[in-house]
Amino acid sequence: RDQIRIVGSSTVYPFTTAVAEQFGKTSGMKTPVVESTGTGGGMKLFCAGIGADHPDFTNASRQIKKSEFEDCAKNGVTDIVEIKVGFDGLTVANSKAGPDLTFTKTQLFLALAKEVPDKDGKLIANPYKTWKDVDASLPDEKIEVLGPPPTSGTRDSFVELVMDKGAEGIDSLKALKKSDAKAFEKVWKSIREDGAYIDAGENDNLIVQKLEANPQAVGIFGYSFLEENQNKIKGAAIDGKSPSYETIASGEYKVSRPLFVYAKKQHVGTIPGMVEFVKEYVSDKALGEDGYLASKGLVPLPGDDFKKTKAAAEAMETLKGDQLM
Amino acid sequence: MTDTAISAAPRRVSDNAALVAKRYRSERRFKLYGIAAIAVTAVFLVLLFADILVKGLPAFFEHRMMLPVSVSQEAIDPQNSKDPKIIRTGDFDGPIRESFRAMFPDVTSRGDRKKLLGLLSSGAADDFRAMVVNNPSLIGTDAKVPVLLSDDADQYLKGRQTGVAKIAGQGTITASADGEKFKLVTDKTPVLTAGDIVRLNGGAFRVVSADNGAYLAEQVTAPKSLDPANAGAWDIVRFTVTEHNRRIDDQEALWLEQLKEKGVAENGIAWRFFSSGDSREPELAGIRGALTGSILTLLVTLFLCLPIGVAAAIYLEEFAPKNRLTQLIEVNINNLAAVPSIVFGLLGLAMFLNFFGLPRSAPLVGGLVLALLVLPTIIIASRAALRAVPPSIKEAALGVGASHQQAIFHHVLPLAMPGIMTGTIIGMAHALGETAPLLMIGMVAFIVDIPGGFTDAATALPIQIYLWSDLPEIAFQSKTAGAIIVLLVFLFVMNAAAILLRKRFERRW
Amino acid sequence: MDTMIKTPVADSAPRIARERPLKIKARNVDVYYGEKHAINDLSIDIPDSAVSAFIGPSGCGKSTFLRSINRMNDTIPSCRVTGNIEIDGRDIYDRTLDVVQLRARIGMVFQKPNPFPKSIYENVAYGPRIHGFARNKTDLEEIVVTSLKKAGLFEEVKDRLDHSGTSLSGGQQQRLCIARAIAVNPEVILMDEPCSALDPIATARIEELIDELRQNFCIVIVTHSMQQAARVSQLTAFFHLGNLVEVGDTDDIFTAPKDKRTQDYITGRFG
Amino acid sequence: MDTMIKTPVADSAPRIARERPLKIKARNVDVYYGEKHAINDLSIDIPDSAVSAFIGPSGCGKSTFLRSINRMNDTIPSCRVTGNIEIDGRDIYDRTLDVVQLRARIGMVFQKPNPFPKSIYENVAYGPRIHGFARNKTDLEEIVVTSLKKAGLFEEVKDRLDHSGTSLSGGQQQRLCIARAIAVNPEVILMDEPCSALDPIATARIEELIDELRQNFCIVIVTHSMQQAARVSQLTAFFHLGNLVEVGDTDDIFTAPKDKRTQDYITGRFG
Amino acid sequence: MSGTYFAIMAALVLAGFFLGAQRARGVRGDQAGMLHSLPAYHGLYIAAAVLTVMMVIFVVGAPLASHYVVSQGLGAFDPSEVAEQLHRDAALRDIQNLIAGIYQGEPSDKLKAAAAAYSAASSLVYWGLNIFGVLAGAAVIFWGLGRITPELRARNQFERFVKYVLLASSGVAILTTIGIVLSVVFEAMHFFSKVSPIDFLFGLQWSPQTAMRADQVGSSGAFGIVPLIAGTLLITVIAMLVAGPLGLFSAIYMAEYATPRIRSVVKPILEILAGIPTVVLGFFAALTVAPLIRGWGQSFGLDVASESALAAGLVMGMMIIPFVSSLSDDVINAVPQSLRDGSYAMGATKSETIKKVVLPAALPGIVSAFMLAISRAVGETMIVVMAAGLAANLTFNPLAAVTTVTVQIKTLLVGDQEFDSAKTLSAFALGLVLFFFTLALNYIALKIVQKYREQYD
């Protein structure tokens, strides 16, 4: 095989494909094949072994887990290079024709959780039909949220970054967390299934179109889609901060996550072009503040981080398991 | 028995005129239902095609500029090596950007420059590079090169972002600074509305609000002076979509308008759409990779299922003894013909990829899966074609002492061939449009390079359509529809060939 | 219309045609299938209350002319009929005539028995029902029973009227088709080789029935068997290559044919 | 094999069978189509250099027996033949016999002319070619021309041998089929109602040809026309409901049938 | 290796053919008709024999050969080093890389030795197999030439060979079915060992979120397919409500009323519709029809989901119109003309004849056409993937979003590939359900058609 193969996250996919294309154009080597399999699926394939049958890179919308790292090692995949490529803000957005929205995480939790505490702190099935039911400051519109399906890492992140934090903002649940962590976990991990939350598939583009057609609906997706479609949709502020390059890069906008690409160092030399591909990925032209990935919606790393990442990646420093969780 | 004469008085049909009228009404109504059903179907088809055509035709055009560029030795081939490999890595973007910037000498700030260059495609230099690589003697000369605009600029120029109206200024207009804003005063009845751009003295102002007789405006581009402008020296540019609902802002739109006015930006046929592979940039993306993948896949399919299908049909139609085995085969074929295609995808995934370890995303596997998928169709069509050859032909051959196989291979099969070909073409057309099973075997991937063999990674045309429909850039929507048009053209050609073949060789025995 | 009639029927009209009232009168009929000229300038008088037989070698146009009489040829797009056919003096190719009504007045029995794939009862009730003959169920039942009786089938099927018509034997099916035709009380019954698909016993049964029916109906029968024509008919018409060669009393035709071709045919010189 | 023969042929063998050498001998032949018993215990002797005709009402098994003679019935999976048929003393149902070679020795002409949709030349050349009769082109051409001449077709088609066989008229097609059968130089020619799809003139032409061919071939013809049997055959066999009712010299059968059923049939009492 | 072998094989097959034919011609001399079979058949006879023998040698020999080569290569290592499959693969890759000259770094002595053994073994095998093949092929040719006599039934022998080839070709259908069943059943069994079939078949909740990783969140995991079935049926019913009447009336019009000219226009229209890929229809459904329906619904104050079952169902209905119409057209045409004649002769109008005679007679065929159409609708994937949602709502409201079996299969497999979580395996269980459901429908439909055919044949 003389062609790089890449699998993994659908969130990182648009960026990696852009790099792959650029790489193919300028290096004179074959353009890498990029498949979107989801972060978890990508890890699984990536860790299945070394050799031409297994991919050389995997994209991930979260850091590799310790368990996955160990899995890799067991299969002989021991030299893994981690490249942190930037951030993705999870955005809650609606049509430009709709109202301007500002949410708190707790409001989002109340609107989307399967069970919410009632006045006495007892858990009941989510009774809220309109946003106004959740909080009087919100518009009097039906709750209709198009979001990622359970198969995606985006959904995982949303639940961890918004629902968990949102639940903690409620006193009775905070108490529950102390007394029964398991039960608490179940509360924030369960998204309502009565039709207010709609699994909208992986076709984020269709979600955008649907939002445009339906001004009351709200969608959840990665920042890059908001960036691409700013003429149609707008992002809601969460805990007072609107999603933008600046707020995400600076960490003010809290609902964001780092994105990674993992390389299999053992394939270097066997599969041509791996080093060059990494170089292209971390070049200023690509990952820099004005790089082409930024225009694709990737929120670049702040300057120092970027330099560090770049140096580490170009040196192909391998990952140590003990840094992982 | 004759004595059982009809006892009732003779009834005559015409007695009951009302009934007759009613029967005729119901007759007409019934016929109308049929016509209506066909009409509804036809209207649906027309809507479908119209929708796709409207969405897809822009995909076949692109906007580019012919820019004069100096092909500099330093930037491209400093060592004067004349080696295409080295030339290829030269800096082609620089000269183009320079030349483009030279068209807008007024643009000086870093931010504006960046914005201006953003109007160029990231592949703007591709054509230039190819030109020089093919013809190194250009180095050191000045050349006119085609420069591709970005997808957003292209969409704007195609009028797909906003409509533009340009109104010549009537009377005299005066702009004067008013704090951060500017005040515009005309001596004619008000013609301006909020959002209008007024261009005067080389600058541009966006009207913000009307202020009894005068207008409040913000500066978009700085004018050379604030002298009053007379009729003819100023104009109004009015967009149908407000700025914040566009991906091209007013400033960029004005630049593009200038390009248009200078006649630099031209709309040409996007041959690139047919000659390049997939890309993340809509303006660069093409269907050649997917088309090649489809063709490779179909070759595998055809190569497998035509001989196997025809052989199976001959066996079943002519040689199969009536026993359990052949009955089983028959039932199997009929059932396979109706097994959902996605289940064949599961077969490909579990058998070809996981069990036999064939490569992912390969036309070989795609072809195998599709071959199994269309095999029943071809067998059934071939059997029908064989059956349509009258037995008298076979008997005639047997009668002069031909063996059963001779009778079939010399007489029946050649006569059935048009029918078999028709069935095969229709089966292939079906395979060409099939998507779901290919998704299952990894043919859904981002693949730029044109596949060169049966085990290279490849996608297929319908998968490309599915992938593009998923991408965020709006320009991909028309690419999707454009690819659909190409796919449909192929299908029509195939179906038309099948119909012609059928017509041409239709025999009434 | 009479102006159109060019060829008057021969003065020496057959005896039977003189004895019985005239039912069907055809003058200068030509029938084409597209280019093919299937019937050539045919004129004939067919009497009521008698059986008329059309005989002739295969493809000579017997069926074609028979089907022109109830305009069944209308269903063949390429078929074109010119000339003049009258029933009871009414031109049946008149534009104002309702062909659906015409066919109700002219029953037809086909070569292969073609009962509808419905019950025996429904087969017979079909015609009366679509023409609104019966005001209620009893009425209808009466019509069905009478028709079956007339067709000589009632006794054989009376306790299985709800069985499918296709479950009967060939001869029974053909009688069912006759009952079905009778049920709408037609004036003419056309039969196109009604016995050719039947065995000799069933054939005999049908021939008997035809003989009975001729009391009340004008019957026209096409047959490829000269013997059958001789047995059941009173008038015989001999067709050859689209021409009506000779018409006459059956006895005369078979004993003293006037035309050479008729003679050759009935002596088995050809066909 | 002779032990199997239960019914010896009647002593009073037909005259023609005594005059000519025996070609085909059938004893106790039964044919079944699945459950259906189509031929019942049939025994017959067919002489060489003569025309034998099989007559009888429709469905009586004439074609079935004819097709048993060149084992064309093998192509019908449900068909089963028992008993013994010999040609020139060789059992044709013997396992070691190559049926393809057998059929080359027994030509067959079908009811509907069925030329191959190829050129006239190719139609005739096909048989010689697959049997490797000709070593070169001239050889083959000679065979084709001779066969066409024998079939009386050559003069009519000699300057369009490359035209399609299907472009000929019905009678010509049938003669082409005869030429095709002759071309492999068979010993027996079986003809299943060869004229039923033809007009009287073409029929006469074929009958004439049959008469000529009988000098060199053993010809068996099935016909539904008693007249035709009378005209062309020397031996006639009358079939009825799967039984061979009567065999005899044609003149005898038509003038003095022995069996009541034969008599009824030829006088038109049934059929 | 195989390339050379097949080239040799092709050459020997050709040689066998020509030599055989030549020899037969020699035996014949100039006595035409003396040979049992034509010379060409003698050639084909030998060619077929060569082909068979050499194929068998390859099919048996190639795996043996590669096994031998691998064992020679790995023999240089300690058995413990290459006990595990994974290590074996890695070692092999190293060996091959070394031989190909693309090995990175300094190879160990062991590896060098292994590579040497490996390449020695592979060249031995390469020559061995090829030479053996040539010898065997030549031997077969000699044997065949010796057998050529005038009596040799070369044609019969060759035809027997052809017949086996034909039989084998039709056996592919059985292999396919077995392949489908195997590939689906094993994974499905795996799944049922994790989730009880009862819960699967009768559960009212579908939410396939078992933990993909040990530490993943949101792993409630409910695998009840009732909502999927309900969603599938809802969309199918909508589709049939569209396709049933439109298809049937089109068929009636085409078969009974249309002149040949109209037919020649309308038939291609329906064929075009039948040929449109479903991904195209899905694009149309998602981007054009769904928003349209939503817009209309809202103008009537209805609450329409953006991925309504109605939109997917309508477009799917359009897709299956040609199925219904062409199958119905066939059965209506199969009704014998004599029945129509019988009815016309009674004085029935055309529509009466159609309604009271033709349609009842064609009913079984039409029913089975509908069943085939239903099975199409149930198995259709792309339209619903693009236009129907993923929300497993148990509802019969056509304006709501539902999901289907095929959508779930596609989502579960293309989203994340993993072969041991219940989530991924459930796709195969769904595949199994789909397979048997459509199988049953088709089987019944075919039986009905067969019965119906018998009625008229």
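In order of appearance the chains are A, B, C, D and E, and numbering begins at 1 in each one.
Definition applied: a residue touches a chain if its C-beta (ideal position, glycine included) is under 8 Å from a C-beta of that chain, and two chains touch if they have at least 3 such contacts.
Keep in mind that this is a model prediction, so the values were computed, not measured.
When the interfaces D-E and A-E are ranked by C-beta pairs in contact, the top one is A-E. Chain closest to the overall centre, judged by the mean of its C-alpha atoms against the mean of all protein C-alpha atoms: E. Using CA-based centroids throughout, the chain positioned farthest away from chain C is A. If you average the Cα atoms of chain B and of chain D, the two centres end up 65 Å apart. Chain A and chain B, compared by their mean Cα positions, are separated by 30 Å.
Centre-to-centre, using mean CA coordinates, chain B is 27 Å away from chain E.
Counting partner chains per residue, chain D has residues 100, 130-131 touching two or more of them.
Those residues of chain E in touch with two or more other chains are numbered 155-156, 286-287, 347, 349, 352, 385-386, 414. Counting only residues that touch two or more partner chains, chain A has 202-203, 206. Those residues of chain B lying in contact with chain D across their complex are 321-322, 390, 392-404, 406, 410-411, 415, 507.
For chain D in complex with chain B, the residues that touch the partner chain are 70, 72, 75, 77, 100-105, 107-110, 112, 114-117, 126-127, 130-131, 177, 180-181, 183-184. Residues 1-2, 4-8, 10-14, 16, 19-20, 23 of chain B are the ones touching chain C in the complex.
For chain D in complex with chain E, the residues that touch the partner chain are 98, 100, 130-135, 139. By the touch criterion stated above, chain A contacts chain B in their complex at residues 3, 5, 13-14, 17-18, 20-22, 24-26, 28, 30-31, 33-36, 53, 96, 202-206, 208, 224-225, 228-232, 290, 292, 295-297.
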